[in-house]
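Several structures are given next for inspection.
Paired with chain B in one complex and with chain C in the other, chain A is shared by the two complexes that follow.
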Partner chain A sequence: MTTFTVINFTLLTILTVTALVIARLRALYEAAMLTALSSLVTASLFVLMDAVDVAFTEAAVGVGISTVLLLGVLALTRSREAVTPRHRHLPAIAVTALTGGLLVYAAQDLPAFGSADSPVQRHPVTEVYLHQSQKEIGVPNTVTAVLASYRALDTLGELVVVFAAGTAVLLLLGPLTHGKRRQNLDLMEYKVLRVVSSLLMPFVLVFALYVLFHGDFGPGGGFQAGVIFATGFVLHGLVFGLDKSQRVLPPAALGSLVPLGLGLFVGLGVVTMLLGGSFLDYGTLLPTGGPAAQHLGILTVEVAIGITVAAVMTSIFFAFAGRRPTR
Partner chain B sequence: MILLEILSAVLLAAGTLFIVSGAVGLLRFPDFYTRIHATGITDSAGAGLILLGLLLRTTTWEAGVRLLIILLFLVVTGPTATHLLAHAARRDGVPVWRKGHPRR
Partner chain C sequence: MIANLPVLQVLIPLGCAPLCVLLRRRSLAWLVFLMAALGSLACAAVLARQVAAHGPLHYAVGGWAPPYGIEFVVAGYNTPVLLVVSGAAVAAAVYSLGSVRTEIDDRRAPLLYTFLCLTLGGLLGLTVTGDVFNAFVFLEISSLSTYAMVALGPRRRALPAAFRYLVIGTVGATFVLIGIGLAYAVTGTLNMADLAARLAAADSDRALYAAAVFVFVGLAVKAAVFPLHAWLPGAYGEAPSTVSTFLAATSTKVALYVLCRLTFTVFGAGLVFGTMPVGRIGLLAGGLAAVAASAVACFQTDLKYLLAWSSIAQIGYILAGISLGTAAGVSAAYLHLINHAVIKASLFAAAGLVLVRLGSVQLSALAGLGRRMPWTFAAIVIAGLGLVGVPPTAGFAGKWALASALIEAGQWPVLVAMLVSSLLALGYIGRIVETAWFREPASVAEPSGAPASMTAVVWVLVAVSVVFGLDAALPASLAESAAEALLNGGG
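Showing the complex of A and B:
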């Protein structure tokens, strides 16, 4: 217990110090790299809390993709923060203190970490999810059973959020193809990097597939697999240049993959309704019903989530990398 | 068995020593190139020795395979990252420290 306390305390201290340093930095490249550090520390904290699924996503998106996107934005604009006029400091401090104070006040109502009589432990639905799900769904990883089957409609909502956010960014940044007007982001001249990343690429993609299809048994699933796929494509785009990447993954195909995943998810719901069940009731998918039908439904949903998430992340990267500074 | 444990403890201690020396080097060395030389050791020698030490303590082969995969990944990516940093710095014209120059 004490070791965990020490590790937690150290990581939280690093996180706080990083946040303070980021707030004080004027050079935005350094700040972008430090945000990656804070994401890495956050991912480690998630691992300590046994939330490996979330840690996956945080590591892939927070450290990988969002850092690349931030650097891509900085390549398009100035890389130094403008100095805030002194008279705006006071309102900013007031708003920050108010928000922070509210959050701390609200946190008083949360049960203590690992508390035995929190609603999570005592609510009757816990019994259903943790024990009954093994019979009903037959998936060892309860998180996947809850996420993809019991609360599939909520997950559909999350996917719609990802879809809407991705579409909004793509609409703002314009079409994916810009012809020859683009910044030169590739690192082709770095031979070692080229060899090492082509060596690692197949393993990244295989790992993403593993995370996708192993979500029933261990931590993982569609969201995690999607972001790992996207990290692979982003790495490819960074190292080999946008042109080569878009030859592998044409923008038109990528653009049609974005709604495809969402369509698959909704389509599965419609199919279950046509088969006589309710929306996303996987029991109707096979005549025998039971865990086999649940597995089929969960797998389809995970694949659908993976397709949309990977396509959204990759097309946002392509859209940023395909632009050129307008100065 | 006791021999394995001693060997593993020695490897873990050596790995920790390399990581601490990397941190000291990062703070004490005079310029960019010497500093990434110090931090490069954290990735390869430090983490590598610690993983080897942990490998001797594994009880199941699945955990051993995972540690080996992590070790291979670090062996490939760590030196690449260090090389890239040095390469990029050289291309950007970051000056090399000579004896007698001030730290930067």
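Showing the complex of A and C:
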């Protein structure tokens, strides 16, 4: 048994135990913290599979922003789960067992873990993505090449999903609902928190920009950068209070940034069509075509993603933090 | 730009969504949604003509040839769905002018139009895409927007209904994703045509069966196939009237189309109907849905819930047609899909009209409707007869085609289930008529005036359903070319 196998086994065991504990816990604050742990373990597993981009996203979203948002929800509602009658668990257990059984059944035919001779490895798509993309797109990080160019439409679709989620929260919980506002809460009297977070803010924002613009060369890109940008504002809002944060980033401005990023992405596609190519064909952006035009397209797309994701995550946090609890 | 039509079809509504948020005015957002709906209907009409004349169209998004990039395919099997979805969107857009004003305040109305644009774009994208993962992305877009729209319903019960729909729908979507992942693991591709070629050659049977099971169960949840329909009555019953009108005509229909597309052009009829018992399970579920859901509909006290239960029964008919796996069955399923979309949209639109004028859609509130609002009552009766399948309505044409397909395949028990279900439909429509015509109204207050836009949409939809019944040439030719394209693997 190699070290690699041991690490994998250990991490998967921790993941399973965490999931079981989350399912059993009725104290929801603790459960929310454990979901962060399970995301962290999942991110580690992704790193072991050399999927660093996915690991980065999982760490930023799963451990960072979604835990904060879960805690934000719990601040609005009760933090203990109501008791579900035992008989209502049975259908859920049956569905879970069936799903698990089917997955185990399917796994018997799946290629061995890490096999170099799996259908995925043998398919010409893999060859094109890994090698030919270097000539066609010239971006060292092939994940960025696939997400932002070969399958850019999927990325646009995911951005629309983020946009829809953000708009849904604004619609149901946001400033439009005339709900009662919570009085301003902050942690200003804690000097250490205040000083440390002030010191951290510029680094968080610069790191977000680095992740955004360096996505072509290393792990990262618009999604991760947007989330990191948002965590900066979440930190600011937690420490200095919502009012101060909203003076820095007025809700009206945020409300315009959310559709702006999506509009930029769609607009880029319209431009490529007007230039005579097909939708999102970056090759048409420059007369020379080739990698330079691809770089331009990818960079625009990453910026568009960054704007919408950052604005959506921040406005979801503002929407949760701005409401008074109704227990 | 003509070459870009397959992508414009999806892009127009998706691009209009952020515009609705930015404009922030009810009337402007409404105009944007109307333009998006008209634009996609125009695209769908031109595409349908082109496909009929020159055969299937393929569009490589980003200029990357499939399977390296994502491909859109417009062929005989999806043009009817494109026409139904974008036509329903135009109806919903006109209807919303009068309806949304009575249900949603000025500040939130633009966001409702945003979600209508997103749902329209998502459903159209799901219909034209030729890539399984891309299909999942569009499924997510349309589902997420639908959950948000249901939550906007006028009653407080809309919130639990939307939450229930969100939880069940997310489980369904996850199943679809697991199935897609397994299919990718055994083939290495996500393009539908490429998948079909490689799945036929793949020797990983167990993973392949599991992939099919996950995808079919997930789509069955999205299509509200009995017994996975639990989300539908609440979602349709509580949503704002415009939303239930639009969704009743489109969302489950698109899921059923995707089911057809994956069955015949990806997994292959040989695997699905030969090796796996999907056809028999589909016939069983369809027959049970037709009887059980119609029976439940007879006991509803709320008009919108009654119509929602009747939808579950009608989905059973369509599923039974698909599950036969024959050209006649699939063609009948498409015909019923088109006709039922029109009929059910007109009934939900009429229910919304009743809600505006009487302030309630409880059956008890309908007492005396026949004399107080004779025209609305007439619309409900004509569309209701279509639901039962009385000639010469559109419902009859679809049911007749389905019955002949069932007889041809020798599926007598399902045919009996269909007949019983039609009798039950006569029962629940009869109950509405009985209350509306013979009971004395509880109050003598004059019903408030009907917005012209809503009345117009109800009558146009009713008229279309009658025209499709008298002269079924257009829907029948669309349905036949769809079955032809699916069964000959065209595309």
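Keep in mind that, in the parts below, the second predicted complex is superposed on the first by the 312 of 327 C-alpha atoms of A that agree within 3 Å, B and C clash if a C-alpha of one lies under 4 Å from a C-alpha of the other, contacts with A are read in each partner's own complex, and residues count from 1 in each chain.
Definition applied: a contact is a pair of C-beta atoms (placed from the backbone, for glycine too) under 8 Å apart; a residue touches a chain by one contact, two chains touch by 3 or more.
Keep in mind that this is a model prediction, so the values were computed, not measured.
For the composite obtained by superposing both complexes on chain A, the positions of chain B and chain C are free of clash and fit together.
Between the C-alpha centres of chain B and chain C, as viewed from that of chain A after superposition on chain A, lies an angle of 150 degrees, to the nearest 10. After overlaying the two complexes on the shared chain, residue contacts for A:262 are found with chain C alone; chain B is out of touch. When the two complexes are overlaid, the chain among chain B and chain C that reaches more residues of chain A is C.
When the shared chain is aligned, no partner comes close enough to touch A:116: not chain B, not chain C. By the document's definition of touching, of the two partners only chain C reaches A:160; chain B does not.
Shared-chain residue A:190: touches chain B; no touch with chain C. With both structures placed on the common chain, the touch criterion links A:90 to neither chain B nor chain C. Once the two complexes are overlaid on the shared chain, A:23 sits clear of chain B and of chain C alike. Annotation: superposed on chain A, chain B and chain C show a minimal Cα-Cα gap of 35 Å. Put simply, chain A uses no single residue to touch chain B in one complex and chain C in the other.
Remark: chain A residues 190, 192-193, 196, 199-200 touch chain B in the complex. Put simply, chain B touches chain A in their complex at residues 73, 76-77, 80, 83-84, 87. Per the touch definition, chain A reaches chain C in the complex via residues 99, 102-103, 105-111, 118-123, 125-126, 128-129, 149-154, 157-158, 160-161, 163-165, 167-168, 170-172, 176-177, 255-256, 258-260, 262-263, 266, 269-270, 273, 277-283.
Those residues of chain C that touch chain A in the shared complex are 1, 3-4, 7, 11, 14-15, 17-19, 21-22, 59-64, 67-70, 107-108, 111-112, 114-115, 118, 121-122, 125, 133-134, 137-138, 140-141, 144-145, 147-148, 151-152, 175, 178, 182, 184-189, 198, 202, 204-211, 213-214.
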